[in-house]
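One chain, chain A, appears in both complexes that follow, with chain B as partner in the first and chain C in the second.
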Partner chain A sequence: MLIGTIIYALINSVILCLIAMGFNLTFGISGVANFAYGAFYILSAYTTWIMINSFHLPYFLSVIFSIIFTMALGALMYQVVLKRVRGQAISEVIATFAIGLSILELFRYFGFVGFEYNLPPFIDASVVIMGTYVDVQRIIIVIAGIILVLALWFFTHNTSLGLAFRGIAQDERTALTFGIDSDKIATLAVSIGAGFAAIAASVIIPLGTISPSDGYDILIKALAVCIIGGLGSTGGVIFASFLIGFAERFTDTFIGSHWTMIVSLAAILIVLIVKPSGLFGKQKELEERI
Partner chain B sequence: MLEVKDLMVFFENALALNGLSLTVNKGEIVGIIGSNSAGKTTLMNTLSGLIIDMRIKEELRGGERISVYGKVLYKNKDITLTKPDERVKMGIVLSRERHPIFPESSVVENMKIAGYLRTKKEIQETMQYVFELFPGLTKYKKKRAGFLSGGEQQMLAIGMALIVRPEVLLLDEPLLGLSPMMQKSVVDAIRDLNKSIGITVILSEQFARPVLPMIDKGYVVENGMLTLSGTGQELMDNPEIKAAYFGV
Partner chain C sequence: MKFSKFFTVCMLHALLFFFIFTPGVWAKKPIVIGVPTSIGFLEGKECLKSVQLAVEEINEKGGVKVGNESRMLKVESLDIRDAAPGVPVPEALLGIEKLILEKKPTALVVGPFRSEALMAAMDIIAKYKVPLLGTIAMSPASEGKIKKNPEKYKYIFRLCLNAKYLVKYLAGTMGFINSQFGFNKVYIMNQDVAWARKTAEIVKKVYFDKAGWEVVGMESYPTGTSDFSSALMKVKAKGAQVILPIFDMPQSGILVKQWNAMKVPSLMAGFISPLAGPSAWKTFNKKIEGAINVNFEMGSAISSDKIPLSKTFVESYEKRWGKKLEAGHGPAPSYESVYLLAEAIERANSLDPDAIVEELEKTDRQGVMGRIKFDEGHQTVYDMDPDKAAVAAVVQWTDAGKRTIVFPPLIAEGKIKLPKGLAAVK
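Right, the complex of A and B next:
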């Protein structure tokens, strides 16, 4: 049972990491806390569903389409709404949350609720790992998570656009003096963040059904991981998702499944009391020296 | 090459620059000398266009009203309202005051970030030159820039500006907070890059003593107004300058 718990805890951690990465990326680079993140996640799943069931596109193409569509929507949201309230944290949160709310509740209003709204697993099979049954979809999730983290690392360390991302994240005005256009980079950051949400949804949703209320859940999970890890820190996000992922699974197995829900919330509280900048928050020792 | 005509900058109703005019020719080192709050940084921000960006952001926020009057001409083109990233593409690059670097990235990464507009090959070539210009940086290539000393950070900041391959390099208080030794090596480097690659340099400083000997032309700014101008030697011989900046 212990090995089974550990395997599922690992998978759970990767799921959390996938969910939080896009939110963290957007916040880390542009400073925009994208509260429409959960809505983008659900929206991309519905887009895939509609493409498959109404337009009869192949599954793979539908997924690609929904990722691109979600990214375009993210960019549009920045250009149309966020650009005007840039730099005012509260307005950004209210604006993005309102957009997220409208997207999710519109789906509910138009009756997109029920068991028929689901996506099939990529490969419907399961394997036995050390005596535990694991379906292939969960293994695909782990692989996707690893690929995404590696791709993100490569992108931010080796491409000039990725390096510009890191520049903007550290000091916007200095980045500006090197000809890095902050609006363009922020648009891309919101768009790529939304793309990450879409990728996460594409691999995770096949485990269950699509439902508007999951959007809020996803947002809270992303927030929890990012706050605990320290907003804007990729290493922190990975660490925090493993922390919460394991804590949740172990609580589920050894204490009781109804306690799982409070794990991440309790973790937020503890971290905010003990170390408000998050476990891997910006280092104080690096503050300006004169 | 760069010409400023009757420049006036207001922050709300406070006048930061008042009727300022100056001319910079190609290949010159021009010094803007002035004490704190004289308007040096505002002038640098106006030349680099940062003030345009600040104005737009403040406008969105409903904050401070920034107004710019007068003209900034670059190669006989009016760039008064040109955005900073456009100006960088035109060849005007600013290194802001207090050695602006990206503290969490390594020295080499800092320069790669600065080279956003340049190709990988160009970045490599210029990086080579920067390490020749500042041999002190060579041993810190992989070190995080935030852990460098103030002087090393200033060298890096100048190096990062050079990576962009500017035609006009604006240096805002490059000697601020540096030891006399560091000041000397930074001054030598500025002279060197002006001589060897012919970059036009405009620098603002409150330490007149190390700067005056190397400049071709100097402008003394007080309370946003031009009070004196002349060649470096003329300024050095001026009794008022001697009294105010050399303590003689």
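Right, the complex of A and C next:
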């Protein structure tokens, strides 16, 4: 059972990392805490569902379309709403939370509730890893998580746009003097963050069903990981995902399932008391965030 | 002068025309039925649609007779969101109070999802004296409150199955499984909410402990849990032959998928809301063969040839809304609640809440769920014979994607069959 718990803890950690990566990227670059993040996650899942069931598009194309569509909506949200309130943290939170709330509640209002709203797994099979059955979809999640982290590292270290991202993240004013358009970069950061949410949804949702209330859970999970890891720190997000992921599964197996949520909340509380900027948070320091 | 005279005559004619031909001007105000519930959830959505269906049927037949007048019924709904995780009970209460004060309903139907919310709402309902025919919340604690103070809480009735009767059905099913296959090791997994916790506790205490079963594990899961791997590994490690799940959250579908993916060699038999409706076969990629699920009330996403009204209701719902019923809890009692209320108003010949309550207490109706009668706790009596009481239906998914009623025996269409890979131990 120990091996099985470790395997599922690894998977759980990657799921948490995938969920939090986009939120962290947006905050790290643009400084915007996108509280519509959970709603983008659910929106992309419903978009895929609609593409498959109403427009009869192939699954793969539907996923691609929903990722692009969610990214476009993210960019639109920045250009139409966030640009006007950027720098005013409370206004940004209220605006993005209101947008997220509207998206989720609109789905609820228009009756998008029920178990028929689900996405099929990419490959519907199970494999045995060290005596533990694991479904292939969970392995796909792990692969997607690794690819996404590596792609993000490559993008931010080897492309001019990625370097511009880092420039803005390090010091926006200095970056401006180098001719980097901070609004353009922030738009892209929000958009790519939304795209990450869509990618996470397309691989994670096939494990269960699509439900508007999951949007709130996703936001809370992303926030928990980012607060523990340190807002804006990619390394912190990865570390915090593994910390929470392992703590949850081990608590579930060896203490009791009803304690799992308390573990995450207690971790947030302890980190906030001991190190308010998070384990790897560098908000008070003049160092790069990604 | 001539013009003003002409204008006055025209205006008078227009007014006369308006009064004669505008429907509703002469008609009595409709009887308002309030539906405060979690409309954003599948059960809430289908309960509301079932109420609307019943209201349309009654209105089509001329409405409800009160004195010499026929009054139409009108539905006013409000989403109180109590089923959503993290929504505090006071918020749900505010919604109920708002509906009562603003829409002035003669009665409320469906009501809160969470028993915690129902228990707290009982005082508001008693304060405003608006009868409530609840069809979702299941904790028997509300009946205890009614029995303790019947004068104050007499306005609250329940048409759906309560946790106590659910236990009876679960115990009956487990008894069948035990006698047919010799299984006697069970792992109980329940949602961490009042009704599910209570059901798990009672079924352990009154059945498993007494019938010689070994309860190898018992776990409560917070609403929203999305990984059940640890429990399923424990199920395997401890050799449980039966998993008894008790969940009504959408995420419980993940449990079914994991049970399948992890190839857990145990029979899944209990209540998981996503397994109740006909679309489950597609939702779970045709991999739910052998799973046993309790549909809490006959008519809620299941019908039986032996209860023709259940078939009529399920078919009427599909015809009216263009979709099949999927919720195994709520729709049938919600539909029935409107008929019960209409009949009680007609018998009382009044909209006075006390008179309506008095008539509701006398209810004896053969309906979609079987025979509906209330006990002294205002709970609909459920048993095994649809001619004597209301019934639930225990359903098993076959390998052909069909659902077979396996319990209670009087309406059973077949016997419980073990899925491939599972063998009897006797």
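Criterion: the second predicted complex is superposed on the first by the 282 of 290 C-alpha atoms of A that agree within 3 Å, B and C clash if a C-alpha of one lies under 4 Å from a C-alpha of the other, contacts with A are read in each partner's own complex, and residues count from 1 in each chain.
One rule holds in what follows: a residue touches a chain if its C-beta (ideal position, glycine included) is under 8 Å from a C-beta of that chain, and two chains touch if they have at least 3 such contacts.
Bear in mind that the values here come from a model prediction, so they are computed numbers and not experimental data.
Asks: Between chain B and chain C, pick out the one touching the greater number of residues of chain A.
Replies: Comparing chain B with chain C, the partner touching more chain A residues is C.
Asks: Could you tell me if A:Ser211 is touching chain B, chain C, both of them or neither one (first, second, both, neither)?
Replies: Only chain C is touched by A:Ser211; chain B is not.
Asks: Considering only touches as defined above, state whether A:Thr132 meets chain B (first), chain C (second), both or neither.
Replies: second
Asks: So in the superposed three-chain picture, is A:His56 touching just chain B, just chain C, both, or none of them (first/second/both/neither)?
Replies: neither
Asks: Have a look at where A:Ser257 lands relative to chain B and chain C in the superposition and call it first, second, both or neither.
Replies: Once the two structures are laid over each other on A, A:Ser257 reaches chain C alone.
Asks: Scan A:Gln88 for contacts with chain B and chain C and give back first, second, both or neither.
Replies: It touches chain B, and chain C stays clear.
Asks: Can A:Pro120 be said to touch chain B (first), chain C (second), both, or neither?
Replies: Only chain C; A:Pro120 stays clear of chain B.
Asks: So which positions on chain A get touched by both chain B and chain C?
Replies: none
Asks: Okay, in this complex, where on chain B does chain A touch?
Replies: It is residues 48, 50, 53, 57, 60-61, 84-85, 88-89, 93-96, 98, 100-105, 109, 112-117, 120, 144, 146-147, 149-150, 153, 160-161, 163-164, 176-177 of chain B that touch chain A.
Asks: Any idea which chain A residues touch chain B in the complex?
Replies: Interface residues on chain A, with respect to chain B: 84-88, 157, 160, 163-164, 166-167, 170-171, 173-181, 283, 285-286, 288-290.
Asks: Looking at the complex, which residues from chain A come into contact with chain C?
Replies: So the residues of chain A in touch with chain C come to 1, 4-5, 8, 12, 105, 108-109, 111, 113-116, 118, 120-121, 124, 126, 132-135, 137-138, 207-209, 211-214, 216-217, 248-249, 252-253, 256-258, 260-261.
Asks: Tell me, which parts of chain C touch chain A in their complex?
Replies: By the definition above, chain C touches chain A via 39-42, 45, 84-86, 192, 219-222, 224-227, 229-231, 233-234, 237, 250-251, 253-254, 257-258, 261-263, 273-274, 277, 279-280, 282-283, 285, 287, 326.
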